[in-house]
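This is the structure I have questions about; it appears just below.
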């Protein structure tokens, strides 16, 4: 069993806000992250897969194929987008880093496993100080 | 003459868009940066000052004082904000990295010089691949 | 179950030295780390917590609250201090990265768990080449 | 139980190529990594060991001794070398990051354990976007 | 006048070797960089241009167009190549970082200036410890 | 004319303190940097030299020789030392980053120029947020 990690990046806007809460409660709970006009981040996503090594290639997975899955399912829907408004798989959900990591896992799991390996971890790095890891 | 650089960070939303252009022209010129619902970045600002060394302290400038100027004039107005909508000194201007560097220079020049040194460079790093430097 | 990591930083002096050993033995075992007049590092601490996501907020823990705990219990006691001389929870202990990670764990565990999550890992990065992880 | 990680670096050439495949098949499977005249990387290796802390020193392992093992068994054989042609423990094997991590594990396991700790992980970082971890 | 920097990356093999010198002299002068079977690096190229800001766009240069020039003239010829053997503009030249920076400048100057700005600097980073800058 | 930069690192203790000032004045001016029992940093030094390229080697300077100068004159005197107490060329001087950059320049200038190039810049990075550059 061996683990391989691929990093992808996307730049997106978001806010942390509940429509069923007052402005005051949103600010009390989410602070400046609740700013009505949005803010944004350079997000990094680290996707780790695991599996047995293919004897012919020495690969656990073909990185080009993994990167295509991540481009189609993660980077294209999220890059230069508003996470709250533009991303189908985040519609109606809190745009926290935690939820984002879980929803990215759900988006890619089947296609990653179709490449012949298992999905092990989705890590989302929001800033140099904050990151989240989800293991399914 | 010696040069000192202080890094500050802010996370903000923006878009590149002209209201006096059609949607099609905006997309042709600005590509995905024109996304109507915004996107965002973890911006880094590197402010370089220059001057003579104070013999008593060994400092060209007191870093705490420089950091307070940058907090008041750069980080507080920009962090967790929308550059196009929320930032007084960017109102009515293109929210490109170039314009942002120039406007930050204008915002801080007087207060930095009041600390007894000269402003040498404002560098804005938008992503790990793109940055802009302005020398006045 | 989801994992969230917060990075904090502090700059401190220390040495590796046992008073019950001769100068020669200290130098033989600890090398230049035994320098009598101390040396120092820009330490980075990565604290990872785990738990269930709060449905209302999308958070495993409120990052502001976690950061306040880390400021009070880690950064304030260690930043711009001498680990051997100034830090109550390191008194009488070897100032190795390993011991530091364990003692930070002990300092923060109760307060982190009072935030509604579990403490998973304390990682201390001493230089770009050396780090230690403690999982309790 | 505590975990300590040491980073080492080496710069090497390699290619991904099977002599028992046609040029066309090699290019179809390995893409530009199959370039006949080689390419290369600044590799980073992160070796993680685990064990109990020595009460006298506060160390899980003496970093100087660990670094000597890694210099002798990893850096010297690989640095400024061709992984396919110059490295005895890679002869006749695919020079993928996966295989490299496994073979480094085999090379260092006994000597690391002779230092009084267990080998936990060998991580090889090939580029800022790609890395592999092997846990034995 | 404002300065904009774009980073691109390529992974390549090379060696430092003169055919008109003996093996011994090559090793004496170039050390392990003379290894007959090559070694390699993850090179980073930082290209800085300067010019006036376009009032309509807020750009000194269109980053997409600059990136296309760098892809065609720098990344495609160098990535996953052997600098000594595969790169037309390095044929018959020493594959030092210095020469590489100068030859990249010559390759891109005209096309960069055709975008309406001036070429200011080509920086080539060979390792985290070594880099070269050329200003024409 | 071409510019080459070499990075070296050292870990050291220091404090900012004047014996001819009261404790109160030291704390008022230098804040936590005046901590009596020292603090410390992982310092990075970037030394930039400039000159013409040697036609035979393609080098502006032999990096091995430059690194030996920096090891002898910068890293060995400063690494795992107390800048205020242990470093001959800093005796009696403020241990600010500014003064450190200037004194490193004085220490290395002659030996760097004996290698056949000019010293262009000494940059000292104290933390990820603060750095100083000196150009003579």
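Letters A, B, C, D, E and F mark the chains as written, and numbering starts fresh at 1 in each.
To be clear about the criterion, a residue touches a chain if its C-beta (ideal position, glycine included) is under 8 Å from a C-beta of that chain, and two chains touch if they have at least 3 such contacts.
None of the values given here were measured: they were computed from a predicted structure.
Asker: Touching subunit A and subunit C alike: which chains?
Answerer: Both subunit A and subunit C are touched by D, going by the contact rule given at the top.
Asker: Once the contact rule is applied, which chains count as partners of both subunit C and subunit F?
Answerer: Touching subunit C and subunit F alike: no chains returned.
Asker: What's the chain with its C-alpha centre farthest out from subunit F?
Answerer: A
Asker: Out of A-D, D-E or C-F, find the interface that copies A-C, where copy means more than half of the contact pairs are identical.
Answerer: Duplicate interface of A-C: A-D.
Asker: How many angstrom lie between the centres of subunit D and subunit F, each centre taken as the mean Cα position?
Answerer: So the centre of subunit D lies 33 Å away from the centre of subunit F.
Asker: Can you check how far apart subunit B and subunit E are, centre to centre, with Cα atoms defining each centre and the answer in Å?
Answerer: That gives a centre separation of 29 Å.
Asker: Mark out which residues of subunit E touch at least two other chains, giving numbers and ranges.
Answerer: Only 128 qualify.
Asker: On the basis of the stated criterion, which chains touch which? Give every pair.
Answerer: Listed in label order, the chain pairs in contact are A-B, A-C, A-D, B-E, B-F, C-D, C-F, D-E, E-F.
Asker: Enumerate the contact residues on subunit B facing subunit E in the complex.
Answerer: 16, 18, 29-31, 93-99, 101-102, 128-135
Asker: Considering only the defined contacts, which subunit B positions touch subunit F in the complex?
Answerer: 1-8, 48, 53, 56-60, 62-64
Asker: Help me check something: in the complex, which residues belonging to subunit C touch subunit F?
Answerer: The contact residues of subunit C facing subunit F are 9, 11-14, 32-33, 35, 37-42, 79-82, 85-86, 127-128.
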